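There are two complexes below, and they share subunit A, which is joined by subunit B in the first and by subunit C in the second.
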Partner chain A sequence: MNLELGNIFIKDVKFGEDTKVENGTLIVNKEELISLISEDEHLKSVDVELAKPGDSIRITPVKDVIEPRVKVDGPGGIFPGVLSKVDTVGTGKTNVLKGAAVVTTGKIVGFQEGIIDMTGPGADYTPFSKLNNVVLICEPKDDLKQHEHEKAVRMAGLKAARYFGEVAKDIKPDEVKSYESLPLLKSVEKYPELPKVAYVQMLQSQGLLHDTYVYGVDAKKTLSTLIGPTEIMDGAIISGNCVSACDKNTTYHHLNNPVIHDLFDKHGKEFNFVGMIITNENVYLADKERSSNWAAKLAEYLGVDGVIISQEGFGNPDTDLIMNCKKIEEKGIKTVIVTDEYAGRDGASQPLADADPKANAVVTGGNANEVIKLPPMDKIIGHIEPVDSIAGGFDGSLEKDGSIVVELQAITGATNELGFNKLSAKGY
Partner chain B sequence: MKEIIITNNPLVKEELEKIIEVEYYNTDYMEILKKVRDRIHKGHKLLTHPLSGSVKPNETPYKSIMVSMDKGDLDTDSLITIENSIHTAKKFIEDLKTPDWSEEILFDFQTIDLTLIKNAIK
Partner chain C sequence: MSKLKVVHYINQFFAGIGGEEKADYKPEVREGVVGPGMAFNKKFGDDAEIVATVICGDSYFNENLEEAKAKVIEMVKEYDPDLFMAGPAFNAGRYGVACGTITDAVKEELNIPVITGMYEENPGADMFKKSVHIVETRNSAAGMRKAVKSMAPLAVKLAKGEEIGSPEEEHYMPMGVRKNYFAEKRGAERAVDMLVKKLKGEEFKTEFAMPDFDRVDANPAVKDLSKSKVALVTSGGIVPKDNPDHIESSSASKYGKYDISDFNNLTEETHETAHGGYDPVYANEDSDRVLPVDVLRDLEKEGRIGELHKFFYTTTGNGTAVASSKAFAEEFAKELVADGVDAVILTST
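And now, the complex of A and B:
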């Protein structure tokens, strides 16, 4: 399974007559985009705004962030099972508008979360402040139920990302990166001297605003399974998860999963990256037992020496994380877990809701309870009212001058549990 | 296995009591965790994770947890999970109390809690 990612660097975004890429600028035909997204009968109105690095703009509440991509060569299309047929993706060539993103905003519930500041101290905590963002503001028809509202905004973001991706199909990329995934036995044969490593990715799968889809299938209805890491780069996993802004994985995170990219970087040099397992995080405890049993069984079957396990979300996924870690360690396989912390505002408390002595190699994405003051911005895209009721915010979070005092958990991607952020901690 | 849902969410009572045993209490989040802990000491088994959902314990006022109707010997795994959950919830609530939400937001929290527990009904 070989995939070439062709990155087309986007350095600016602006409105214009035709949607296209010109000298590194993404030009957006606003009316055409609005009419595409407005096709959804559940939406009353759609508007589009642009937010560039350095702009005095606050986007909130953020639902999802999506990177525009397009299949240039090879089977299937982007977001298989959702926008394209369910062909197996992950081979051939895919072009990427690197540096651009679609951001969706819309108040699905009254306590909707997620802030992206394009400048100021808050911008340092979110990777999305460095992108040229096309922001979709989707307002629902009156009395639209939350489930349908969530789906409408989720699909709007994916459709817009595909729309921009299409214009990149015939462009010669600025940079091409190749990712090679061999069948297990061939991989072992090719690098017999290197330790074998796999990646176990845990997917949020609990219910409304807590869901993830794999080839269009609701992850809570899946058993732990094997997936090619390059399939993820073509959008095999998408996010329907928009609670816990700091440590939810947006679709952008999935497409650019840094664990996968780092494993590929060292593949064939320091270790042999032989495969990837995805497993869910359900509410029912017997589901957690079953899924972690299967993740451990698959890791053992692959015959690996070590695995990296990444988590998604707060609270009960800590139990899935520890179950996965413990059961895989019990198979004689070393583990490293990637998580984040809710260690209290002073950072001194036990950070996870579960623990085990076998979880002795941990990468943290930072403490989500840490408090930050975000100064006012000239422009708000979305709805500012939920900030007073955002996770990590509180009644009175929003000050009269427009500044906000919040915990880091309010900022989209601040303590990401794939490590797609800058916060961490080191032990000496 | 027969199950009981212990909840302070009126929407869970309204929507689910026809299909499953629901014990409703007009109380707060922490009290629901404690009621479940007491049940575990009496030999009921914990069936859903007490910290279901990524909505924080000092954010949502609602909690619904499923335990077994049958009683047996004390299940230590259940006990460890509920005690860890109480410890985690306390950490949040001590730092910051749950705000007084508007009716509209309360209904959203009820809806989220309902979908989380509904997905656990087999």
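And now, the complex of A and C:
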């Protein structure tokens, strides 16, 4: 399973007559995009705005961020089982509008949606402040139930990303990167002297705004399974969740999963990256036991020496994380876990909801309870009122002058548990 | 610039007054340095100097705690120092506890920076390492030179109000506070590097050492529920409709106490959840799913419980610091006891 990613670097975005890429600028036909997204009967209105790095713009409440991609060669299409037929993806060629993204906002669905500031101190904490964003403001029909509302906006974002991806199909990429993913036995033959490693990715699956889809299947209804790392790059996993904004994995994060990329970087040199296991984070204890049993069983079956386990969300999923870590270590396989912390605003509380001495190699995305003051911005895209009630906000978060005092957990992607960011925490 | 002023606290032994037989020595203050203070002054150089030394016997301090504390604080205040330093106490237990106690008290009362030093197994270390900077020393006075070398620079930094580095960099015991910073590499790369080291059997450093986990043992079973007053307490965020006290959806700073004496059943019109950590649709449709008032009313009617307490207590467990949860419960547990509640059903989500 070999995939070539062709990156087309996008340095600017603007409105224009035809949607296309011209000299690194993504040009957006606003009307065409609005009419495409407005097809969904659940949406009352759709608007589109642009947000670029350095703009004095605050986007909130943010639901998802998606990178435009398109299959150029090889089976299937982007977001299989959701927008494209359910073919197995991950081989051939895929083009990427690197530096561009679709961001979805509009009336809040739940408490877990986030904030993206394009400039100022908040911008340092979200990777999406560095992108040229096309923001969809999707307002639901009156009385639309939360589950339908979430789905309508989720699909709107994916459709817009596909729409932009399509214009990249015939463009010669600025940079091409190749990813090799061999069948297990062939891979072992190729690098017999290297230790074998796998990646165990935990997918949030706790219900509304806490769901993830794999080839269109709701992850909470899945058993732990094997998946090719290049399949992820073609959109085999999409986000239907926002838990919390700081440590949810947006679809953008999945497409660019840094653990996969950084394992590929040392593949064939330091170790042999033989495969990937996905496992869910359900709410029932029996599900947690079953899923972690299966993750450990699959890791043992692959015969690996070590794994990296990444988490999504916090609190309840801390138990899944520790179960996975403990059970895989008990198989004699070395683990490194990637998580984040809720150590209280003063940083003095117990940061995880579960712990085990076997979890002796931990990477942290930082303390999500740390408080930050976000200065006022010239322009708000979306709705500013929910910041008092989103996760990380509190009564009085929104100040009179438009500044916001919130915990980092309200910032989209701030303490990502795929290790997307440089943020970490130290003990003092 | 004039030198920063330091007041130093030592025990009777290091003051050269005597050993155990003099441990009841009452607090006394002397101008300038006494005993180990000389080595500190040398190390401080032009930055700081010890202007006075307080001497107190270890037994006297620990046996007359309040009196001794008050007296020492008064003596320290007299000199209006930029820093208060105690010890180092090495492995001397009572001396270590005294150093921890008095630095903590001076910090609280006089609001000036403090520092002490001792061996990691000194009982004073566990008692105070979370509240004051305690430099780790060897277990005997043979480690004095090294202790001075570590304590003096940190003392100067604290006195100047400069930013303090990590425990490894500055040689103090971890205070259990987590602070964010931007690392050089992204998390995924750090994880891959850590895995490579772990696979090779090389030394690696976890970014978060697993804590000693708080486990709470269950109380013995209630003998006769039919005569018991039962209360409902939840971290599932159930609140009266529209969340009148604005309990946060995550990282709660407060809890609510609400009257349910008029309710046999919670409905979509009367209650909802404020919790931001789970799918709220089902709890909003029927809050009894998280806070089972309906079932408890049935049990009350059937005589299987004595009565349902008229108030329930609620907060959101989502992202809420353990320290906050503890503080909430300490407060309302007293009310529950005062109200004659015999048993509590705790529901989460």
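Simple rule for what comes next: the second predicted complex is superposed on the first by the 420 of 428 C-alpha atoms of A that agree within 3 Å, B and C clash if a C-alpha of one lies under 4 Å from a C-alpha of the other, contacts with A are read in each partner's own complex, and residues count from 1 in each chain.
One rule holds for everything that comes next: a residue touches a chain if its C-beta (ideal position, glycine included) is under 8 Å from a C-beta of that chain, and two chains touch if they have at least 3 such contacts.
The model shown is predicted, which means the values in this text are computed figures rather than measured ones.
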{"item": "Partners on subunit A (subunit B, subunit C) - clash or fit", "value": "clash"}
{"item": "Touching partner for A:Q146 - first (subunit B), second (subunit C), both, neither", "value": "both"}
{"item": "First (subunit B), second (subunit C), both or neither touched by A:A425", "value": "second"}
{"item": "Contacts of A:G344 with subunit B and subunit C, given as first, second, both or neither", "value": "both"}
{"item": "Touched partner set for A:N316, first subunit B, second subunit C, both or neither", "value": "both"}
{"item": "Partner chain(s) touched by A:L97 [first = subunit B, second = subunit C, both, neither]", "value": "neither"}
{"item": "Partner chain in contact with A:G207 - subunit B first, subunit C second, else both or neither", "value": "both"}
{"item": "Subunit B versus subunit C as contact partner of A:L255, first or second or both or neither", "value": "neither"}
{"item": "Partner chain in contact with A:I238 - subunit B first, subunit C second, else both or neither", "value": "neither"}
{"item": "Subunit B versus subunit C as contact partner of A:I277, first or second or both or neither", "value": "neither"}
{"item": "Clash with subunit B (superposed arrangement) - responsible stretch of subunit C out of 94-102, 148-156, 310-318 or 328-336", "value": "310-318"}
{"item": "Interface residues of subunit A shared between complexes with subunit B and subunit C", "value": "110-111, 146-147, 206-210, 243-244, 283, 314-316, 342, 344-345, 349-350, 354-355, 369, 389, 391-392, 394-395, 409"}
{"item": "Footprint of subunit A on subunit B - complex, ascending", "value": "46-57, 59, 66, 81, 84-85, 87-88, 91-92, 95-96, 99-102, 104-105, 108-109, 111-112, 115-120, 122"}
{"item": "Subunit A residues within the subunit C interface of the complex", "value": "110-112, 124, 145-147, 195, 197, 206-210, 243-244, 258-259, 261-263, 265-266, 270-271, 283, 305-308, 310, 314-316, 334, 336, 338-339, 341-352, 354-357, 359-370, 388-395, 407-409, 416-428"}
{"item": "Interface residues, subunit C side, partner subunit A - complex", "value": "130, 164, 166-167, 174-192, 194-196, 198-199, 204, 206-211, 213-214, 246, 248-251, 253, 275-281, 317-324"}
{"item": "Subunit B contact footprint on subunit A (complex, rising order)", "value": "109-111, 146-147, 204, 206-210, 220, 241, 243-244, 247-248, 282-288, 313-319, 342, 344-345, 349-350, 353-355, 369, 389, 391-392, 394-395, 409"}
